[in-house]
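Next come two complexes, and both contain chain A; in the first it sits with chain B, in the second with chain C.
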Partner chain A sequence: MAELAIENVTKRFGETEVLKGVSLTIADGEFVSLVGPSGCGKSTLLRLIAGLETQTSGTIRLAGQDVAGLRAADRDLSMVFQSYALYPHLSVRDNVAVPLRMRRLNGRQRLPMVGGLLPGARSAEQQLMADVEHAAKTLEIDHLLDRKPGQLSGGQRQRVALARALVRDPAAFLLDEPLSNLDAKLRVQTRVEIAELHRRLGATFVYVTHDQVEAMTMSSRIAVMMGGKILQCAPPDEVYENPADIQVAEFIGAPKINILPVDVNTDGHVTLLGQKLPLQLAQPETGVRIGFRPQALRLSGADARLTGVVAHTENLGAEVFAQIAVPGLENRIVMRAEPGQRAALHLGATVGVDFDCTAALLFDQNGQRIRTVRQAVAPELTGAL
Partner chain B sequence: MERRQRRAAWALTLPAVVLMGVILLLPVTVAAVLSFTDFSLGNDSFNWVGFKNYDRLFTRSTYAKMFVATFTYVVTVVPISVGLGLGAALLIQSLGRFRELYKTIYFLPVMATLLAMSIAWEFMLHPSIGMINRTLELGCGTVLEQVWPFMANGCAKTFPVWLGDKRYAIWVICFIGIWQGFGFNMVLYLAGLTGVHRELYHAAEMDGAKSGWERFRLVTWPALGPTTVFVVTISCIRAFQVFDTVEAFWPQGGGPNKSTYVMMFAIFEKGVQQNLIGAGASITVMFLVFVMILTLIQRWLVERKVHYG
Partner chain C sequence: MTRDWWKHLILTLGALIVIAPFYMMVSYSFKSPGEIDRGEGGFFGRQEMMVDERCVKLRDPNRDDIAAAALRFPNQTDAQIRDALVAEATAECSMRPVVFNYTKAFTEAPLLRYLLNGILVTASIFFIQVLVAVPAAYALAKLKFWGREAVFSLVLFCLLIPVHAIALPLYIMLAKLGLTNTYAALVVPWTISVFGIFLMRQFFMTVPDDLIDAARMDGMGEFTIVWRVMLPTAIPALLAFAIFSIVAHWNDYFWPRIVVTGNRDLFTPPLGLREFKGDGDGSFFGPMMATATVIVMPLIVAFLLAQKRFIEGITLSGMK
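== the complex of A and B ==
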């Protein structure tokens, strides 16, 4: 159990800079997901923490101690690999026992055959087997202990890899896309199990994934990585509702957020496709974009702010997502609708779409979130008053 | 319909079956049959002699020497050439640069004709003008003479007549066999090493395997299981087949006091030089039995032990 502090870490592979100054502090017992598209450096960061790679600059501290120069085997961390990396020639029991044997038995006691006869080897081996049984029970694989990894299904192998990681009670768990080789149904189930395992063990988890749903559902905090940097690190709801960067907003949430270009006139008022929105910025800017989550949009009548043609609908049963092509906008907008509204959303129908401006997210030309937005009173409402 | 399909299937497999019969099974059968006769090439007829040829194989001292020479060679060359092949492959694998260069150097003896190489070795091993004894002579008068009895003996009298001394001849043949063969094993092991999953090494490191030896035992060696079975089998069969060096060094007779009278040479001598086809055929059958046993062991191991499926 330990706090993990990463300060200003960079990593270069030859000419390419994979990590460009990453800082992150993970508290004891926290579940932090590193999420981002492939090539964003999340796996590299995890391998730096593990000690399988060495950073070009910056420091990594584990429980306050700088781990530079400490090799992976000495860092007291466990890792679950994407391919599970189980030893194919060993039974499940021996696979899970490997980390214990390596640490608790000395070189001579580990020798095949004669090792078991040396003093202390037998009692150590008995204790070790008890720990293996315990870990296997925790992950409900105790009936598989005598099988070889080749005889197990993907989900079972995944559990064995988890058992091997938790058997020696490490300071922190590092998980590198552990669910990506499972089928969709099993992934959902295992997601829950890993989250519950984390709650039960109370250990520090660092979880790498490219799947934002996994990150959202399991983590105490999500670190969204792009291009070798952490763009935002916050609890899931914060990352979703209050993204700091347009790339974060676009990466988190499915279906993707609608990003529309807006104009800002000289007094800071925001206009979308020529219509004034009740939003005002502190100063005029160019290249401003506005983001709406699909559920911030709603079906509306003819007086709606946007009018378009339904180009495609996706019915998920409990909800319907409609893609609507709006003249003047480059991309289709995606709107969430209730199943009851399906009739109005048939293909080719012209529909009005309205939105709640309090749910709007504004981003400047660099993609940074604009937080100084005033909810200006709309001119038409002023007239009514 | 079904009958037509069956007939088509037979028609399609026929060429392969015929070829296998004519090229493989027929010669083996002929050899097996001839091993029970006293047939010689050029004779019109032959007599059935029963197990006489085989009886001689196990009673005559020449054949006892043949088995001793052959098994000495196999038991020496196979483990050493497999071990060196694995060692060289691991070293080359760990190299950053010059990998291709080392691969080529170690593989050169495999590509070279052993017969031609034997002539080069014969010069080097020449007792008075050969490079090896000349080099050894340089050690005379140095500290080596005190610590190494072989050296002291050589300086006092003469250095060995490598190819003419029954104490050394078979070991010279073994040495050349290893020198020539381990590059091939190295290439096979290099291919095997590319199949080892990289993440397994990382997992081993995370699990606390700190030394290279631990990682080798936990990851590399088990992963090379199938390769090792193949390499050992191939090396055994090649070792049973050793012939070129013996023929090049001692065209008449199989070495000093028949100390290098290996099986292949015996087949050649009996069957070709002395035209005793029956005797040659019986040795051939013995040879085939050994190879068959090796192949069966390999198949059994491959199916049982080294594939973790």
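== the complex of A and C ==
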């Protein structure tokens, strides 16, 4: 068990800079997800922590100790790979036993045939097998121990890979998109199991994924990475409700957040499609955008702020997502509605959409969140009252 | 099916052309010299009793033999005793052609010794080739180091050099080292197989990087990875290479002929065939073909046993 500190780490592959100065501290026992689109450098960061790659600059500390120059084998970390990476020629039992054999037996004791006859080898082997059985029981694969990986299903291989990682009680677990090769149903189930495993072991987990749902549901903190940088690292609800960057807001949450261009007039009032919103910025800016989650929008009457035509609906049973084309806006807006409102949302219907301005997120032209927003009372609303 | 008849015709013709020499070899190994000369007797020959002229000639009785045999043939002249002895020898030297050919194959030359030499030489060559090729191929496929591409180009370049072009310098080097007429001369020049390195490298390219990274995380060093992870996963490719290597060196006539000049104890099986080449009294085609049959048999049996894995290995290594 250990704290993991990453300071100003950069990594170049030839001309391309994959990581551009990443800093992150992961406390002992924390579950941190590195999430981002492919190519954002999240897997590279994990491989740097693992010791499979060497950083161009910066330091990585494990339990306070700088691990520069330390081989992957000596870092006391376990890793689970996307492709599971089980040894195809070994049985499940031997696959799980490999990390223990490599650490507890010396070179001569590991020799085939004669190794078992050397002093100490037999008792070490017995202890080791007991540990393997224990790990197998934890992951409920004890009935598969004598099979070869080729005879297992994807989910079973995933469990074997997890068992191999946890059998030797490492300082931290590194998981590289471990669920991507599973089918949707199994993924949901394994997600819960990994989260429970983390609670039970109380170990440090670093989890790489491109799936924001996995990150949201399992982590204590999410580090959202884009273009080789960590844009925000915070607990899931914070990242969702209070994104620091427009890219974070767009990446987290499904369906995607609605981003609409707004104008800011000289006194800082925000206007959307010519309508004043009850929001006021400290100073006038250009290129400001406003973001609404689909559930911040609601179906409204003719006096609504936005009026558009229903272009597509997605009925998920418990909720309905409607894509509405609003004249004057480049992209369709997505609104969450109750199933009861389905009748009003038939294709081609003209509907009014209103929103709650307190749930609005404003971003400046660089995509940074504008936090100094005053909830101003708009003049037309005062008139209506 | 009916529209494919011409494909089958071509394949059948091709198969016949390939099988013909083997058919002749096996057939001749059954026949008597007379049948071979006259080209009769079908595949097995008529298997009539034949007399081994050499055997009779060797037992041609001299004066002492006749004197010693006088007791057995009382009241007969020397000429009569001599005729009786020759008749006895002829009877004892008669046998079926197939028995004659195969006994000659093993008695005329120490064929068993040659076979053992062949096994020793091919096995040593293959063993050392694997010892060199597997780590080299692993480094070329999976490790990043400065000049890797250049080294691999050199490997490819070496594939282009024919053995015969460098045979003379190799021979001179071995001669200067005093290694001609030793097992070392038969083995050492072949221990680094660029073909083996190339084949294994192509196979290792298909092994996922994750597997190697997992092994590193599990605490293995690079050499442990080579022998404990890469080698077991590469068994099909290794079998394919084994067939190439063993066939080439088991059948090699050229190189042993160059470096083994006098010592018949070092002869490999193909050199053994020379024992039957035509001297003054004509060629021994029957025994020669019997020897050839004995020599190729281990390879054919091995291939039939490993056929499936062999084809797997070739297709796996992308050499389709």
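Structure notes:
As a convention for this text, the second predicted complex is superposed on the first by the 383 of 385 C-alpha atoms of A that agree within 3 Å, B and C clash if a C-alpha of one lies under 4 Å from a C-alpha of the other, contacts with A are read in each partner's own complex, and residues count from 1 in each chain.
The working rule: contacts are C-beta pairs under 8 Å (C-beta built on N, C-alpha and C of every residue); 3 or more make two chains touch, one makes a residue touch a chain.
Remember, it's a predicted structure, so these values are computed and weren't measured experimentally.
Per the definitions stated earlier, placing chain B and chain C onto a shared chain A by superposition produces a clash between them. In the superposition on chain A, A:150 contacts chain B only, with no contact to chain C. Of the two partner chains placed around the shared chain by superposition, chain B and chain C are both touched by A:164.
In the superposition on chain A, A:102 makes contact with both chain B and chain C.
Of the two partner chains, chain B and chain C are each touched by A:87. Judged by the touch definition given at the top, the superposed model places A:72 against both chain B and chain C. Look at A:360: by the touch rule set out above, it reaches neither chain B nor chain C.
When the two complexes are overlaid on their common chain A, residue A:299 makes contact with neither chain B nor chain C. On chain A, the surface patch touched by chain B in one complex and by chain C in the other comprises residues 47, 50-52, 71-73, 77-79, 81-83, 85-90, 98-99, 102-103, 164.
In the complex of the two chains, the chain C residues touching chain A come out as 208, 210-211, 213-221, 224, 229, 232-233, 235. Across the interface of their complex, chain B is touched by residues 47, 50-52, 71-74, 77-79, 81-83, 85-90, 98-99, 102-103, 148-151, 164 of chain A. Of all residues in chain B, only 197, 199-200, 202-210, 214, 218-219, 222-223, 225, 308-309 touch chain A in the complex they form. Within the complex formed with chain C, the residues of chain A that make contact are 47, 50-52, 71-73, 77-79, 81-90, 98-99, 102-103, 164.
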